[in-house]
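Got some structures for you, see below.
Each of the next two complexes has subunit A plus one other chain: subunit B in the first, subunit C in the second.
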Partner chain A sequence: MGDLLDIRNLAVDFMAHEGIMYALCGVDLTIGKGEIHGLVGESSCGKSTAAKAILGLHNKKRTRIKGEILFEGSDILAMPPREVAKLRGSAISIIFQDPMASLNPLMGIGSQIAEMYRLHENASKRLAREKAAAMLEKVGLTPSELRYKQYPFELSGGMQQRAMIAMAISCSPKLLIADEPTTALDATIQAQILELVKSVSDEMGMSVLLITHNFGIIAELCKRVSVMYAGRVVETGDTQELLASPKHPYTIDLIASIPRLENSSEKLTSIAGSPKALYEPPVGCQYYSRCSRRLDICEKQYPETRDVGAGHKAACHWSHSA
Partner chain B sequence: MIALVSAQMLGKAYRIPSRKLGEGAKLLHAVSDVSLSIQRGSIFGIVGESGSGKSTLGRLLIRLEKPTSGQLYFAGEDVTAIPRQRLSSQMQMIFQNPYGSFNPKQKIQNALMEVAKVHKIPKAKAMDLAATLIEEARLPESCTQRLPSELSGGQLQRLAIVRALMLNPEFLVADEPVSSLDVSVQAQILNLLLELKHSHSLSVLFISHEMPVVKAVCDEAAVMYLGSIVEMASTSELFSHPSHPYTKALLSAVPSLDPKIKKERIILKGDMPSPLGIPQGCPFAPRCPQAFSLCKTHKPVLTEAAPNHMASCHLVSTDKEVSKT
Partner chain C sequence: MIATIAAIAVLVFFTVRLSPSDPIASITKGKTVSADTRQALIEQFHLDKSLSEQFIIWLNGMFHGDLGESYQYRQSVSFLIKQRVSTTLGLAALATSIAFALSIPIGIISAVMQDSFIDKALSVFALVFVASPTYLIAIAFMYIFALKLKMFPSIGTGTFRHLVLPASAMALNMVALSARITRQSMIDELQSAYMLTANAKGLSKARAVLVHALRNALIPVITIASLQMGGMLIGAVLVETVFAMGGLGDLLISSIRSSDYPVVQAITMLMVAIFMLLSLLVDILYAVIDPRVRNTA
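Right after this comes the complex of A and B.
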């Protein structure tokens, strides 16, 4: 298959102070080569937990991870830590929501990018410097001679995020995980950053896992999208198809609750209640208590994920029975 | 009809002491020359990016900050003449993060009763009032016995609104009330504000950075950039016929859910300049895709682009002159 990343039945449990927290309960996700895949869901549904698991960033002592994460056919979870560390930054890299927290405040941004080449490609100091300057140019941090020497605090939020992207794509990774890359930025800056991510992905043939809670961003950027709820992927499909005919009630409700520029209806639909953290092993569908289309079976048995259209899957008793 | 809140050439400049010896303090113009009026029972939206001065404007209107220039009238009265106690019973504010606006160690019940105590409302009456408001906000009665940490963000934000309404104010400033909430919960708060507008004939100043949210709840809206209002109109007019280039760019930056609508996206270059060094001429000129020579030297003033639609842009004012001749 042409899949770059294939996550199968991934489960992550945290040993929290309050007891075991079931953060992910069987996530299936595939990302093709060069594809921008959206991962959408509300806060605490497990989006970032999944991203961290792909990079092997969870503390082994306090986390229990099951399932498979196949990256180019080999299971990241079964790899020795040294191998995973090699993948990080070179084959898979990540950018986070708050760039200021990810950049070293005591180091010029140019040197931070150059460090990537020194570390992963064993480049000489001079070569690393040249490559880093070229990378700054590429993400629009110009003039690169000036930006190279600047410290993170001298840059605005948008420019910091550009520097983060430069660092993340410096070693031409095959997969870039963007965890809410624009949530901390203003609307006009958000547009700049998203444009950059898209052009970089097209140019380098890089796959992107774009984590966000904003369906609008997904609609503009992603080819395929997965919707997460309470530690599970409840629906996956082509973005256009999924937005046009969502099959899972959660997706339907979520799309209906978004204020839009186009329609002008007085009242917004809201979803009653809010998602809860799982401190007990989940039984049945987690959306049951908030769902307006629930059936009796939903409370007792988790629905299996089935095809509901071409390349479109959903896990819901209601849509299966319809 | 007299507007409930009316501001004339309102401005706020902060003194920023110099860090260098022998250099005088600088003035940071957070809000400059803002004139607006908010009608009774309407929701007035303020949109803008961070640093545009929208929160400062909200705080000025509710007298949390003293303006350095201009006048402010509340129901026709000069606010400086209204005593603090009466002012605070007529205007209230809710903030972005509800967990930050409640005392984490105080039960909701006590937080609500504290308002009554300060304003000398008999406890029995206050209890009744709280119960009705809680029901109106569709919250379970039991939530009064809880601590803020035991409630979800959406529930707590609704309680913040309940607390603000305990004194039956006429004017509410909502500073980014839904920004920290999930989309599915956000709609609950917005709908509640819309209901309260009708049932309590409440006027709301709604501050937000999201255009679609403003469109969903506001009757009128103003767009701010670097402390000034660049465009102001009724929401339907503003969103259907935006005339300032900044408003157009903000609207085009909103990602659309419908893939069929392929908008021409205007990508603005660079960032908003620091309010310490507001550029000469039009503050938006350095980022404006349509800027011409006049924009760099002269600051445009708010002119009528259409009836009840104000915009401060040389393109709009020159268009007008051309059409007149």
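Right after this comes the complex of A and C.
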């Protein structure tokens, strides 16, 4: 199975007032056709930055992007802006964390979906309307005639996210980026939304890049998973394999910090310290200061990414030397 | 709304009568008249009655469409207003149209090209006009476009060409402020999450800005504009005087000078009514633009 998306050595720098912020420092990530790929990491590790880079949504004046983002073999970063705009919404879609803010408050949700057909399929007003109504039906927003006319503020958070999903998948994209799609929703709705994403992916053969910081979601939905830390992917592998035998100390600590029912009497485990924003090009491993398994070399030289098992890669001197 | 109008009627009526001058002098145009004539006039205009009685007479008249008789012109107030109202309303309407037609595109351009040379130039332009009083701009316009370039008549009224200069002078002040508000509001909207969605949908920049952001950005602009339109009526008073247009503003000023109570009262009430009507229109406009308002109303 060929890769749908192949990100190679992606670096994104933000030109901030304080100086240059190195948000991504060489991200490698591949997503196969029809695959649901999990992307985990703590807040501000660059997950969303990577997602926006795939769609070319960064402000060009304030960001510097290097590397390659190969989508079906052609590099999005090398495409003229018009070509990238054509991909957006039709071949690659995205849904965000806060559906309320992400929908236009003054437009009916039906019209917001119909806009996609008008734009990408040149559909007539009537056809776009019919297709949008069918899409509402598909994501469970019924009765669709009523929902079509409703405005975002008239819907619950879960229904808003369903509307976002309907809009995102309306033109049968090959890749859906779900940027923490359930963080703002309560637990019962989370499961429904994730189930919807999974069923749509199965049905349409659509790949999904699922960004989250919840390993439970990853374990349930994702075939493969990548772990990000401070602007890099530090470990990638098949979900079962990676969860069973994590190789990077950050992944090990992250998995150890998941609260478990069987030892609920114990204190919650956490990783001491916090990642810092990078205003200088990083040298060595960024996890060094928080790592309990660090070696001398870790501070000076960033480890290369190596195979550490079948379909399992990690970037860590400690695990390479073990 | 009715309570507001009633309160304003009381306020207007009694404030006007605080002026120390003698209305009879206005009626007789300053000529000395015999005591009998004077007494007759006082009775004719109900000036012998108590203030509260006069107030009731005035209110009663208003309900029957009778605004009284002007002291200085000895003509019915309704007639005086009818003669002049089109000039003032035309002036205000044209000024508002010019203001909207200029300020919204300027605001959008500045927001989209934020911090560019064009944005900065427009911002300096706006600052200059926000700080210039309307009458100053009016005089400057009259000098440049009427006296020097002879493009438009300098004074008078009657044709559309007469309205252009004074309306532009009034508009500029409003353009400057509205454009700034549009710009800021637009910048906020351009950074919103739904605009990220609009871009992610693959919409062209023009459609994302003009269809998605603009409608959201207009809400605060309308609020400010409605307040400015009220101010526009006051601006009209000054500008009409500069351009000697003989509108309501001119009439109001001369009536205040000569203690012509019925005229001052009528014009003030008319402006209050127009202002309130505008507020009502703006509230309706909010509901048209914003479904959230529609739903709670």
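Operating definition for what follows: the second predicted complex is superposed on the first by the 317 of 322 C-alpha atoms of A that agree within 3 Å, B and C clash if a C-alpha of one lies under 4 Å from a C-alpha of the other, contacts with A are read in each partner's own complex, and residues count from 1 in each chain.
The rule is simple: contacts are C-beta pairs under 8 Å (C-beta built on N, C-alpha and C of every residue); 3 or more make two chains touch, one makes a residue touch a chain.
Because the structure is a prediction, the values reported are computed rather than measured.
Engineer: For the overlay on subunit A, clash or fit between subunit B and subunit C?
Structural biologist: fit
Engineer: Mind working out whether A:Ala310 is in touch with subunit B, subunit C, both or neither, as first, second, both or neither?
Structural biologist: Neither: A:Ala310 stays clear of subunit B and subunit C.
Engineer: According to the stated criteria, A:Ala322 is in contact with first (subunit B), second (subunit C), both, or neither; which is it?
Structural biologist: Neither partner.
Engineer: Scan A:Thr239 for contacts with subunit B and subunit C and give back first, second, both or neither.
Structural biologist: first
Engineer: Put subunit A at the vertex: what angle do the Cα centres of subunit B and subunit C make there, to the nearest 10 degrees?
Structural biologist: 80
Engineer: Counting only touches as set out at the top, which of subunit B and subunit C does A:Ile255 meet: first, second, both, neither?
Structural biologist: A:Ile255: touches subunit B, not subunit C.
Engineer: Going by the contact rule set out at the top, does A:Met167 touch subunit B (first), subunit C (second), both, or neither?
Structural biologist: After superposition on chain A, A:Met167 lies in contact with subunit C alone.
Engineer: For A:Gln190, using the defined touch cut-off, is the partner it touches subunit B, subunit C, both, or neither? Pick first, second, both or neither.
Structural biologist: A:Gln190: touches subunit B, not subunit C.
Engineer: Once the two complexes are aligned on chain A, which partner has more residues of subunit A within touching range, subunit B or subunit C?
Structural biologist: Ranking subunit B and subunit C by residues of subunit A touched puts B first.
Engineer: Quick one: is A:Gly89 in contact with subunit B, with subunit C, with both, or with neither? Answer first, second, both or neither.
Structural biologist: In the superposition, A:Gly89 contacts subunit C only.
Engineer: Across all Cα pairs of subunit B and subunit C, what is the smallest distance in the superposition, given in whole Å?
Structural biologist: 7
Engineer: With the touch criterion stated at the top, can you tell me which subunit A residues are shared between the subunit B interface and the subunit C interface?
Structural biologist: The overlap between the subunit B and subunit C interfaces on subunit A is empty, containing no residue.
Engineer: Residues of subunit B touching subunit A in their complex?
Structural biologist: Spelled out, the residues of subunit B in touch with subunit A are 49-50, 152-155, 182-188, 190-191, 194, 209-213, 215-216, 236, 239, 249-259, 261, 265, 267-268, 271-272.
Engineer: Contact residues on subunit A for subunit B in the complex?
Structural biologist: Its residues touching subunit B are 42-43, 156, 158-159, 186-192, 194-195, 213-217, 219-221, 239-240, 243, 253-255, 257-262, 264, 266-271, 274.
Engineer: Touching subunit A in the complex: which residues of subunit C?
Structural biologist: 192-194, 196-204, 212, 215-216, 289-292, 295
Engineer: Report the residues of subunit A in contact with subunit C in the complex, numbered from low to high.
Structural biologist: Per the stated touch rule, the residues are 55, 57, 85-90, 93-94, 96, 98, 101-108, 115-116, 119-120, 151, 153-154, 164, 167.
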